[in-house]
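Following are the structures in question.
Look at the two complexes coming up: chain A is in both, with chain B in one and chain C in the other.
Moving on to the complex of A and B:
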């Protein structure tokens, strides 16, 4: 058996290997026929979608869906051929295809049944009977701890089960099981529910049959193949979720970025115009006293001027946002990383109360950013905020010194365009330090203690040890911390959004806190420019992706070097 | 295995229960219930027993506070079932919680409520994209009269989106939920301490103009310390007052030309810029409300919506109308409207709901909380509003609404969100000293003109 893989079922059990294929299972032909039906249906669907008869899709979306259905039709046909030939590939295709059909049809049936919208109401109803969970818990405790009651064990167990059962029934009735069941039956006979439901059941049966050990024997599925199938199935919820809720919208937004979609009406293809607007720059000269509008092309506004040289931009705000986020990152990343390293070094000491402080420093990272920003907004008020009040009191103390008579500074944290961005830096750093501290702490605790012992024997002091051992050994952690903090910084949105509204726009005084994501939000949701907002999102993605690649390369080089 | 079966049973039971939770799923057919014929208090007409309805309407508005959300919920419960529809109220977010973001997403996904509120300035964006229902035929059938409401909002609500011209015979995009105007909230204790003239007396004597406003401010400034004579927010409304009161404004009458650079607009901008430069106001961009509530601002410009919060202060306070500018009295008429989702399956019931929500009775209930002014032009409603004290001088808001206010208006042909955002930033730059008035006048319409008439 060494030269061929061991035959195994896809469900993971290990039947004795067989050398000869047995007779085809009785269910095989119906399953193959079902798969052929799926293939024909997918092909028909592709044609109807392409012709515009099925679903009201337009533009690229129509062709993507049609192509997807064609792929399914092709896979089904290939699967039918391989199933007839007794090949494992046919079984694998059948399992995957039917699994996907179960998921899609099942969700379609539930959607058409109104279950997802009904979940809201279910949540409300559940809240009304949530207290009954206490009764269920009491019953469960009685049933599981019955042996503690000695001779009464069986009676207590029974009583516990009855109490728990009554509690569960109470909850189910309380959340509307009976009217729900009635509604279920009524809706089941509707075609838009019945058809996907029957398809899901049929595909489910085919999936179950193909997964049986019997199928594994017949199709001579090897151990590796079975493990691969099991792996795919285990990973499938996450993969489907990723495709449906992340990759799908991501690709859709890429498509939208080439349109002038407003989110409400038909998509209009505009090619790369959104990107041209983002990157459109004009460099020219300007005479003294001449207006920018006189020298710039139509649609361009002044971005910056140096002497008699002027730069115009088609979308000035993008460049302002980009400049802001670069400046923000230059301050915010070091402020969120370096104190975290120092804090981690402190919290890595065996001192009384250190666990308490580890939790304290982590709190800002888990607290809601909206709540945090609202509190900081109060703190930042230039007239009645606590920060400026603290500064005044501090200056009062300083002025107690002989000859001292200083006027306390009263920064206008949120209204001065020169200070506003720095105010956001402080909030961001304060909120991020805790998480970075935990990362550094984990990194420090992973450093081999023998290195410190050796350094101690060599007579190294604490600072030398920190500088020569801790910091170099934390290099991978530092790279990770810097990378994640940079990415977070580039995506800055919540803090300015809460800090400056509603008195100002989230872009702050004189656009001082305008960031790419703030601009994206304003374009998409306030100016109805979903197409342009999507293009901004993809440009930002490209920037973040490039930075991430840069950090990963550095990390790889470090690992190779080590 | 047994436990798994029990678990499976419980999950299936919950799924089945969820089927019962979606009351709207079986409502495919348009409603057959007749819309109420009366314009006043439709809630009491054609009443059907509560809970007997097959039609469920979802509706949403943005309350100013939790108390107001409670009133809306109570209104929803009391109206539910009275015109053949069960109502589900959804309290929208606040200005900082993305009311419009959620609405836009739901409209795009086809899950928006049947009836919802939007700010007056957004009507054009929604109407021109066909996402709200033109209710003119429904309104005519129900005997609705546009003249029952303030004319400013009704002009905008009866505009043809294609031309930007009023066409009341063919268009009606909704009904105004409420209206509001600016007032100056006064810290009477500070004014007395400063020995300044009482703005209310000046207003009563017809002498409350910019000169008087500056005089009172200078007296307040003399108090020194942390006292700021005046405070205002930095969005387009407070900014616009100065331009409007000087005879200028954001647009020309046809709303197809930027007039931010007109002599009158610049005069208003120059006045307020000098006022700030002379240290007579709280720093532009600072949130003035907490500072006023802390007793450090003498005069605070804000709308009626600020009243519930101001009622919490411990010092003596009242309200006076905004000072008359060189061009006479000026104010804004702010408003928002209930509109109908164009994709609602129950347009008749939705219209009946809009009528019910804008009835005198419901508007009175909401206005009593202090944040709103009824949008119906009815002496009874106005008389009732005057009793919703404090402030004692509620008349100041009504004066603001009656003395030729500029109506918050959507830009039917231009891009209001971009225009308002741009002008807010640039005026802020001028007031805070980052840009000169001359530079503003020379370039602003070149910079923002494309948004007025694209």
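Moving on to the complex of A and C:
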């Protein structure tokens, strides 16, 4: 990095006296030549891709790749011109371009070598040395807790570091670092690895030369310009990830949602048909004795009927899923939020032991939803489960009352379609309460205590204080908690999947727990209607987006109001 | 203790209740009571899980359901080890050994209630030759009447149906005997832990491989996310570069986008790269995290600029500044991010479910292994729960060790 010379020139303490610029470094011409080669290669690549000879790409992807290569060729040409003119822009373009070439061709080399897929082989070896992690952990604890040993502190710390270091080295050797490196060298000679690797190395050298302080001098890079370059480079791991695994897939998924695709064969553009299928509704009237199929259009099935009025839908399951998730949210969100508010209020009394309770409430959020759903599945067992047994015992107590003789209800929690969704509500609320409690508690601790003092001087009671001060002051927290819980609830998938598989589909008895994500999973990965599933995903996204916007609106209104 | 210290402590205590007033004992009892009830609700499923993970196969389906694992007692009878039951002999409950099973017997009604019955071997009863009308579930049936010994006296009882019983011998006198349907006879049990469930679950379906795979995936994801987030957080908080703020808004927006929108395209990318159905598909796409970048940015923003400027003037490179100055000052933030990344990687389910094929045990992770186990071992809850306990063990240890970061920073990270 080229900070030192720029710092001097920026602070103006000792500007270079006579020479405007030093002589061009010897390496400059080869770097410019290399960049010219890159530009020509990119141009050639663009032409070949467009012609379809270089790469077997189809449709949109072909043109996107060709366009990208063209942009690179253009940037390279611009860079070459500016480098020759000694302008900073040439250096910046050169650095970014070569960096990208290193990333792309390095990736290609490693990919062709099979490094990324190689984690499974690594897993084989790691299986045998995983236990050494315990040693590393012991060393780490020793090193970080060394101050507890008083006079022995420095020795303990050193010992801890040595133990942890040996453990790490052991693991690295154990997972096959050395044979891996050897394999790496051997595989290098393969052409599809060697070529991209050489390109990456060449670009890496050019990148390094252009980054040198010397280059900063020569191209008169200012301090701000250097900072911008650093900014790009520091952000790059993140931005590349953002583009490759977020923005790119997102746009692709939008495209797929307008196609019909099984994920393997060529996709077919169907326009808005997927969305039309999702939202396709028909409202009409029906006479008694008439069949639904007689009055509904082709491909429509009956969704609901009120008197002689009938609603048909092209995709009945979507509406069923939407209804389920709305019902689920209406029950699950209050159940996950209101007890949390009450618990937080109690914890905020700052009695001894509240930290213990707070930790206990948080455990379900840590434990992992798959395990939790498996536990509840057993608790819900209609014949030997604890919940129905608990109900029997509770009713026994109630029946002790004179004249009471009630039959205890024994719902089939997981196979009765009227109950199944509520079984999921209970699990969801149970798991989310603790997290919300902690959020509320933090919100309460942020309330200015002078408000309470004023209230207490005015003689307000506890309940009054809670209603008139705590709850209004917690409005931002409540908004946040309700919004996040709602968004979480809308994405319900894991709980029904575990609770109902494999005896039933995750959509539960009679589609009682069919949620949008469950439908998406079934369409996309069981029936391989990936186009339609993508459209479902975007509809779900639109709903969540609307809630988010609503949340931000309310929040900013509050801020303006306050 | 000095007076000032005492005073300040008093002041602290006074400000403890939200209103500074002294709480009555009853209020405290009620508060602790409510807190405890909720704590019990939160903990009970876990206690039940751990208890069941130590049960024997037979015990895990016992009714009424129980938390603690129990083992049936056994005894040696005539040189053989036989199970012990509690049966009623001559009107009193005694420990008795089951010495013979599958004896052809009749089920005889003791009263008008069809549930109130006694089972006795057909060889040891004598038909009277007469019949009687008996009502079972609203239907009247004609039943044969037998002479059956009940608690020492012979009674004439109608036979409802045939059944098969076991013969129990009193262990104390070794002579008195009784008959009963084995399945419904109360067992003589003691509380005992059946740890072999754990070794058994580790032996089946490469569950052990799933554990090390999960550990590996989690370590890689946490390290990768920390690296990109620290770098990105620094770039977004402390460096000015074109497009930074617009990109950051895009990042913030991306936090709101549900992962399910990405599942299909991400799966397709994995297929194109040949990464699907490998551990790599669980690791590489998750190196980037908008949330982590956001979190680190917030932490770095709170570090005073002077420190950085002094270092820049000293000619230190930004790489060094980041790792020598910013990172050591941001441990709480890094630890928070690490704990969240850890939980995310350890517990993620829908993506492995999509990416890893069923039956690919080499690339399986714990959530997948548990889900399969839950489906296949539905008749062996003790094994499922041993597996669940193992899967929860590491998050629990991390939770206890890093509780501060989980609980106290949830709010600051979420609400800022």
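Simple rule for what comes next: the second predicted complex is superposed on the first by the 482 of 562 C-alpha atoms of A that agree within 3 Å, B and C clash if a C-alpha of one lies under 4 Å from a C-alpha of the other, contacts with A are read in each partner's own complex, and residues count from 1 in each chain.
Note that contacts are C-beta pairs under 8 Å (C-beta built on N, C-alpha and C of every residue); 3 or more make two chains touch, one makes a residue touch a chain.
What you see is a predicted model, and the numbers here were worked out from it, not measured in a lab.
Participant: Evaluate whether chain B and chain C can sit on chain A together after superposition, giving fit or clash.
Facilitator: Partners clash after overlay.
Participant: Considering only touches as defined above, state whether A:497 meets chain B (first), chain C (second), both or neither.
Facilitator: In the superposition, A:497 touches chain B and chain C alike.
Participant: Is the number of chain A residues in contact higher for chain B or for chain C?
Facilitator: Of chain B and chain C, the partner in contact with more residues of chain A is C.
Participant: By the touch definition at the top of the document, which applies to A:367: first (chain B), second (chain C), both, or neither?
Facilitator: It touches chain C, and chain B stays clear.
Participant: Considering only the touch criterion stated at the top, classify A:455 as touching first (chain B), second (chain C), both, or neither.
Facilitator: In the superposition, A:455 contacts chain C only.
Participant: Can A:525 be said to touch chain B (first), chain C (second), both, or neither?
Facilitator: both
Participant: Is A:423 touching anything from chain B or chain C once the two structures are fitted on A? First, second, both or neither.
Facilitator: The answer is neither, since A:423 touches no partner chain.
Participant: Touch check for A:263: first (chain B), second (chain C), both, or neither?
Facilitator: Touch status of A:263: both partners.
Participant: Which of the two partners, first being chain B and second being chain C, lies in contact with A:110: first, second, both, or neither?
Facilitator: The first partner, chain B, only.
Participant: After superposition on the shared chain, which partner residues are touched by A:274: those of chain B (first), chain C (second), both, or neither?
Facilitator: Neither chain B nor chain C is touched by A:274.
Participant: After the superposition on A, what does A:253 contact: first (chain B), second (chain C), both or neither?
Facilitator: Only chain C is touched by A:253; chain B is not.
Participant: Shared contact residues on chain A for chain B and chain C?
Facilitator: Correct list for chain A: 116-120, 122, 263, 370, 377-378, 383-384, 497-498, 501-503, 521, 525.
Participant: Which stretch or stretches of chain B touch chain A in the complex?
Facilitator: Within the complex, chain B touches chain A at residues 10, 13-26, 95-98, 100-101, 104-105, 107-108, 125, 129-131, 226, 228, 233-235, 282-288, 290-291, 294, 296, 415, 417-418, 421, 424-425, 428-429, 432, 434, 442-443, 446-447, 450.
Participant: Any idea which chain C residues touch chain A in the complex?
Facilitator: 15-21, 23, 28, 31-32, 34-35, 38-39, 41-43, 45-46, 48-49, 52, 61-65, 208-209, 211-213, 215-216, 220, 227-229, 231-232, 234-236, 239-242, 244, 247, 250-251, 254, 256-269, 271, 273-275, 278-280, 283-288, 290, 293, 312-313, 315-319, 322, 343, 346-347, 349-350, 353-354, 362-363, 366-367, 370-371, 374-375, 378, 381, 384-385, 388, 391-392, 395-396, 399, 403, 406-407, 410-412, 414-415
Participant: Which bits of chain A are touching chain B when the two form their complex?
Facilitator: These residues of chain A touch chain B: 110, 113-122, 125, 168, 172, 175-177, 179-184, 186-187, 262-265, 291-293, 299, 301, 370, 377-378, 381-384, 412, 414-417, 497-498, 501-505, 507, 509-511, 521-522, 525-528.
Participant: Give the list of chain A residues in touch with chain C in this complex.
Facilitator: Against chain C, the touching part of chain A is residues 1, 3-4, 7, 11, 111, 116-120, 122-124, 126-127, 130, 133, 224, 227-232, 234-242, 244-250, 252-253, 256, 263, 339, 342-343, 346-351, 353-354, 357-364, 366-372, 374-379, 383-386, 389, 430, 433-435, 438-439, 441-443, 449, 452-453, 455-456, 462, 465, 470, 476-477, 480, 484, 487, 490-491, 493-494, 497-498, 501-503, 517, 520-521, 524-525, 530, 533-534, 537-538, 540-541, 544-545, 548.
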